[in-house]
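In what follows, a structure is listed as structure tokens, so that the remarks can point back to it.
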Amino acid sequence: MSRIGVFVCHCGLNIAKTVRVSELAEFARTLPDVVVAEDYKFMCSTPGQELIQNDIRKHNLDRVIVAACSPLMHERTFRKVIENAGLNQYLLSIVNVREQDSWVTEDEDVATTKAKALINGAVFRARLLQPLVSRFIDVNPDVMVVGGGIAGIQAALELADTGKKVYLVERSPTIGGHMAQFDKTFPTLDCSACILTPKMDAVLQSSNIELLTYCEVEEVKGFVGNFDIKIRQKARYVDHDKCNACLACTEKCPGRGVSEWDEGLVKRKAIYIPFPQAVPQKPVIDRENCTFFKKGKCRLCEKVCEQEAIDFEQKDTFREVKVGAVILATGYDLMDTKPLIQYGYGKLPGVHHALELERLFNSAGPTSGKVVMRDGKTEPQSIAILHCIGSRDKNNHEYCSRVCCMYSLKFAHLLKEKTHGDVYQLYIDMRAPGKGYEEFYNRLVEEDVKFIRGKAARVTDKTDNPDHAGKLIVEVEDTLTSQFVTIPVDMVVLSPAMKPRQDAKDMARLFNLSTDKYGFFMERHPKLAPLSTMTDGVFIAGACQSPKDIPDSVSQGTGAAAEALTIVVKDKMELEAATAIVNSAACCGCQNCVRVCPYGAPMFNYEKNVSEINEALCKGCGLCAASCPASAIITRHFTNDQVMAEMEGLMEF
Amino acid sequence: MDFEPKILGIACNWCTYTGADLAGTTRLKYPQNVRTVRVMCSSRINPSFIIRAFQLGADGVLVGGCHPGDCHYGTGNLYARRKLAVTKKILEFAGMEPKRFRVEWISASEGKKYAEVVEEFTNDVKALGPQTKFKIRKD
Amino acid sequence: MTAMKKIEENLRKEAKRLLEGGEVSVVLAYGRGYDENHPMPFAARTVEDVDSLVFNEYCTFNLARYLPKYPPKTKIAVAVKAADSRAVVQLIQEEKVRREDLVILGIPVTGMKDQKTGEVIDNKTTCNMANPVLYDILLGDEIHGFKGGSPYDVLAELEGMDHDARMAFWKKEFEKCIRCFACRKACPMCYCDPCFMDASRPRWADKSPTPDGHLMYHLTRFYHLAGRCIDCGECSRACPVDIPLYLFHKKLAKECEDMFQQAAGMKIEDKPAMVNYGNQDSDEMLK
Amino acid sequence: MLKKIALEKLGDLVSALMEKGPLYAPVKGEKAVDFQEITNPADVILDFYNTAMSPKFAFFPQSEDLIRYRLGKEATESEAVSLDAKPSVILGVRPCDAKSFEIMDRHFLGAGIIDPYWNDKREKTTIIGYAFDPSTAADPADFYNTLGISASDTAGSDIFMIRTDKHLLFKGITEKGDRLLKELSVLEAGSKTDEKTFEDKAKKGGEVKTRFMEIQDKAVAGKLVQVFNNKEFWEKATAACISCGACTFVCPTCYCFDISDETLFRDGVRKRFWDACMFTDFTLEASGHNPRPRIFQRYRQKVCHKYSYHVDKYGCISCVGCGRCTRSCPVNIDIYSIIESASKL
Amino acid sequence: MSTAVTPYLEMSQAIADAGGEAFRKCYQCGTCTGTCPWSPITHFNIRKLMRLSQLGFDGIEDLMWGCSTCKFCVDRCPRGVEIIDLVRSVRSVYAGGGLLPPPLRAFVGSLTARGNPWTGDAPKRNDWAQDKYPLFAEGKEYLYWTCCTVCYDPRNVLVAKATAEILEKSGLSWGLPGTDAQCCGESVRKVGDLDLFEKLKNNNLGIFSATGAKKIITISPHCLATFKQEYGEDYEVIHFSELLADLIKSGKVTPTKDAGGLKVTYHDPCYLGRHSGIYDAPREVLSALPGVELVEMDRIREQSMCCGGGGGGLWVERAKGERLSDLRIEEALSTGATVLATACPYCIAMLEDSVRTMNAEDKIKVKDLTELFLESLEG
């Protein structure tokens, strides 16, 4: 016989308006095993919590049911409440009478009837609840950060500062990420390189950071506290241990590849460092464009290298790294705007995308910081910046890319400064919700940038107007005056959507993350756990979670570092207790559990002919239990009999 | 009085249950005939649960999970889909009206879809009348 | 000499050879029962035992049923007809037996008869294949050109019924059930012991033989066999009250083949369908 | 007392019996013949060999409610199911099955405790035995002769019925039987010739030969105790056994049962229902220990219980040789052959 | 007097109820207006129409007839608003009671009384055929659905004939509908008279089922889109250009006569292109013609420019300078082509009219694909 207490929350009027709460408590009192039932205005408030705790003591309760908001809201709160009153936290059942009852109907009778059924279900289930005890495992103190952009760099540095060993994995030959391509940053207009390169250098200097550039994550095994990660070191064809970064090789190399850093505006050598401030300052050979790899002769770099560091025989190598936590900061890709034929990118030379313009601004860029047309000399006298290209667009990416308004303003400012031309902003809505952002917007308005509220419909070079000949014509409605406007300009800048990395899904699969409907990594909870993922011990930071600007990416990097630290700072860690176990007496040895488990938690013991579950790997999804024909697997807290009892209670009335 | 069906809902914690919560947070109104059991994943659903629900007198059973490919446990609902598909065939061949059992993928952001599915399913079940085929009769 | 006699002769010959040579420690085949029409499953362990081996049209038993009880590494020769061989394949998939432990004696045969009624069971209660899908030694001549229609033809009547009529049909059949569990015990795929029905927490179905419990037991068992049932018909032949369980199993086998493009027990490399998923799976199957 | 009725008037007799109370008689199902409570007189058939299930269910139903209860707030209310069997008749019980009732009586009534559930129904039921047709050969599985039963044995019957070309002849065997015969006005009184015919026919029953071996209860009982530890023998004899419960459930003399409380929502029933020593969980203890984990052990238990322990406890073998266990066995295990080989060891 | 206005939400709701509720998704970015071919030449503003509808403001009546339902804005709309539905709903709410602009009154009146928009006598529907071509009957494969326009409009009758001739030469089993055939109802639906549309639809569905027609060839893309999207799914409906491309591929008809270096440009009809996704078949037909050089205009395929004839536009008079067809002719002329080919009776009527009013008859001819094809067969 259980001693159950039922506590009905009014949630102000949120519940009490539609559910007759006192009738509910009255009903609960008639149920077998319920020894006390009370209703109260705010059960989650301190007096409400005390009410529960007092009743636990007074009535010697061994099960507690709280009828209130969704368990996703306050289950943790009430678990703490009963634990502090001496009850095991798993002896709690939450009845959702708000989100799934009082808020979704206006009919009092209907709402109250449903609430009664739900409470009855909870009583049936509560009788069978079992106290569960958390387990502890050893924790590996090291952390891996994947992605060497600003978010990843920040996370790595923070962690290194606390004395933790960090592996920073970056797939390109240098860290720095997209931020390294920028000239200035909004809204403060400070030099991107000036704030980024010291951090990059700090990474290099830190004795706690092991920098793994030109590397990719190949395989992930293990679980929170104890990940085993296999890293592929892609062949650089340059022995970095021998290389003294003299870069003589890059001067002599006849091979030419497209400069990723300069967004393809110029070529780079086949043996190269991506940009002068790259970290590490050691080159790699781009096999695709290397004359030796293509034609079988050349080896000029080898000849000039005094260190004999060139190694054409180099192969990809693998290494295993053990860490306790992982931070993914893999960033974003810029949307390819070529398919949006109405804007002419790729066809009309005057049309640029945002990152190309960033490179034009940059003094280390292909034009040494001069804004010129693709001919390399003509300075544009009029420029239109087109917002929301592929963002907020059902046909492309439905979400707002969040940073474009602000960098478009930055562009406008820099264009004004560098070209003194006319600058148009074609926007749908100006979004400036950040510290100093609105002020920046105001500043640009004052700088006489022409704001046209309307999304550009077309860019063309065809015109009947002889005054416009040779110009690009941007067609747009100025929605504020309802007039169709054609703007002749020299240059058009597209602000394309930020989208998930092309291989984000693969990465998600490696780490067992889920992705949202756009393909960004899914956080555990949008508000309360924005840096955590469904995989314990794997955190996310920066634009891999959703489009973000630098301040937010940096904050997230720092936050993720702190999150990772909460795990690796401890020697041992507590694991979720609601996991599955095998009743070996009932196990028929069919191995269905082994076959289905996404986490590899069940293992087959060939000696005993039964399955065994490694609880450290188990996430408690219950797939194995439903696949077990002999009912031998017990998914704790969601056991077959608990679920069946709850169903029975729900269906009684 | 109109027949008000009793429907058992089984919803996964991460998507459908959260989606149902969202329907509440956005104050959508829909019929209250579904009483939901929360499980961690749709793959937790043992097909016998469905049979049992009908035996307990459920007039309909509505199962909700994450969209295939979006399972919080990676692949859980891909297995669940097969399990539930076979369950559906079993019910149908045993003589249960197939419309009494429905599986829907409803994500955490699809509060509206949840409300719509519940409304549609409730109406479907209502049209079928009380379920007596599996229901245990207490004499 | 009839085909059956030839099989019997080959069976004895091969069994003797295998036991004598020590290749296997047991030959699972058929032995004499209390009369001609009632042979028994028989495990020959010695050369002397071989004389007791028989084969005739009543040797319907699916001997794969006995395989999982032998400890791994026991070398076993097992005589299998077509459906029985599929059971062996399915058991290998499920790692209940190891291919390397088996010498499979294939029996190509049609015209097997039900012991109770004497009716030919091809095409009715079995998968209607003539030749084993996997064997090491064939005990008779491979049968060519055997056509008996689809094993699912027998479903036409039930599939044609409306839901109410089907429910009435099964209700009547299940009410006969006496819970002797011969069906699950005869089934080569039902190797769970204890079975889910024996569990006390939860009690999936009434322990006492109530119609509601029968329904839960049979439907759940059908589910457990979905994608695994190799359509040997053994459950229905074992049933002392003649419940046509095979009809339900066939229906699910048919549906699973349609949905998952995989028939049970055809290839040892397959993964059992219900603990797998496919890229071609679609929500169509839930319609 | 001897009475008779013309064959074509069987329906009238059935109707008359149905007026007395529930009547159980053989009915043809889709495949097998079985005893059922008759609702339509035309359903009764007398052209059958033997029923698939034994008639023991009439006194020992497969499932029987003992107590009904309701879980309450403070306490559980419960109520014993009252014993209110109606006077009933079983028509057409074969001699071996009729004999089984006597054997079962020893257990349910003669062990010092009277089982009220058995007793209530047994007392109120009249059994009309029915001789095997001498012109039909015995089923190869049958061996009731071995247990000393003939095809026209009247033991265990209250009334014994024999069919002639045109008539059914009824002879009262017990007082209860005579009483019923008297009450049945549809029956004609039997003439002297009829009595002669009955005797002749009864004698002919002896000509029906089932499988037979000479056994003595005590000797067999003792032999089985000797053979008990011969693991090799038992393993080989039961190698094919799949451990289902078919043999015990069809058996007229198996009486093991289980008791369980079954609750739905808050109403429940305590039931007793057949169990089988062939099931794995039959002897499974709460600790998880199982004294009979192996199939041969369980099969040995069944054989020894019937042929040895029962002899020790109740003085007779608990088997009537009806052959049902052999016929119903999915793998054709034959208890007769096992006893035969055990005896020869 | 106050100039303040108040939202009139009942009107907004009425529009939503009439099927235009998609406007609620609109976030007023102006992509539609910027895309709209009318924007450079008229004051029609589709975004504003949506804005007014959202709040039920006055002024809807002034804007609602401007749209020719070319679907360009729908394809571009970042919010996925079914803008044509809104136009249709607005028209049905405001003009449902018969408040039509005068030119459309005659059009609707003719449809109501005679079942065609050209005030033609119903019994004379097939007069163009002069009994040379078979009627469709049970057992025949293809029903060649003649658009009212090709039956009654003297210019388009040539298209009807050319099509029928090609069908005769192809050896297919085909037939014409009887004179009980009526307008598919596309335009009147877009004009907002849904009751009349239903009447026409039911009449035509009756003909399909009475004659057992399962495969329908349309010559007008407007019939094509309407049958496909509004009539149900029991029929296989194809446009004649698709059939023709198939016939050429399978060798059933082979163009032989060399056109001698004829420069042809092709105008994508909105209802064949954006509404039905058919861009390649007409081009395949043109490229199969010997001696024909296909030169493309700037706005083609998905970005094609509307002729202005859709959504009732064919029956509305527009002032010079407000005609899309004029712009289109100019664009065609700029390619150097001497033939402007297209595949829609409405486009032919509109473009032909522009050629005439622009006095360009000696520079360029408007021809249907079928006409060009037939010419190359007659070699």
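By letter and in written order, the chains are A, B, C, D and E; residue numbering begins at 1 in each of them.
Following the convention adopted for this analysis, contacts are C-beta pairs under 8 Å (C-beta built on N, C-alpha and C of every residue); 3 or more make two chains touch, one makes a residue touch a chain.
Computed from a predicted model, the values in this text were never measured in an experiment.
The chain pair with more C-beta contacts between its two chains, of A-D and C-D, is C-D. Every chain gets a centre from its CA atoms, and the centre nearest the mean of all protein CA atoms is that of B.
Farthest from chain E, judged by the mean position of CA atoms in each chain, is D.
Averaged C-alpha coordinates put the centre of chain C at 32 Å from the centre of chain D. The distance from the centre of chain B to the centre of chain C, with each centre set as the mean of the Cα atoms, comes to 34 Å. Per-chain CA centroids place chain C at a distance of 65 Å from chain E. Rounded to whole angstrom, the centroid-to-centroid distance between chain A and chain E, based on C-alpha atoms, equals 48 Å.
Across the assembly, chain A contributes residues 585, 596, 627, 640, 644, 648 that each touch 2 or more other chains.
Multi-chain contact residues, meaning those touching two or more other chains, occur in chain C at positions 193-194, 196, 204, 274-276. Across the assembly, chain B contributes 47, 52, 56, 75, 79, 83, 136 as residues in contact with two or more other chains. Taken together, the chain D residues at the contact with chain C in this complex read 29-32, 52-53, 62-63, 140-141, 239-240, 242-246, 248-250, 258, 260, 262, 271, 273-274, 276, 279-281, 326, 328, 330-334, 336-337.
Contact residues on chain B toward chain C in their complex (touch as defined above): 47-48, 51-52, 55, 68, 75, 78-79, 81-90, 92-98, 103, 105, 133-134, 136. Taken together, the chain B residues at the contact with chain A in this complex read 6, 8, 13-14, 17-18, 20-25, 27-32, 35-41, 43-47, 49, 52-53, 56-58, 66, 70-76, 79-80, 83, 107, 109, 115. Residue ranges on chain A touching chain D, taken from their complex, read 30-32, 585, 648, 652.
The touching residues of chain D, when paired with chain A in their complex, are 71-73, 264-266, 288.
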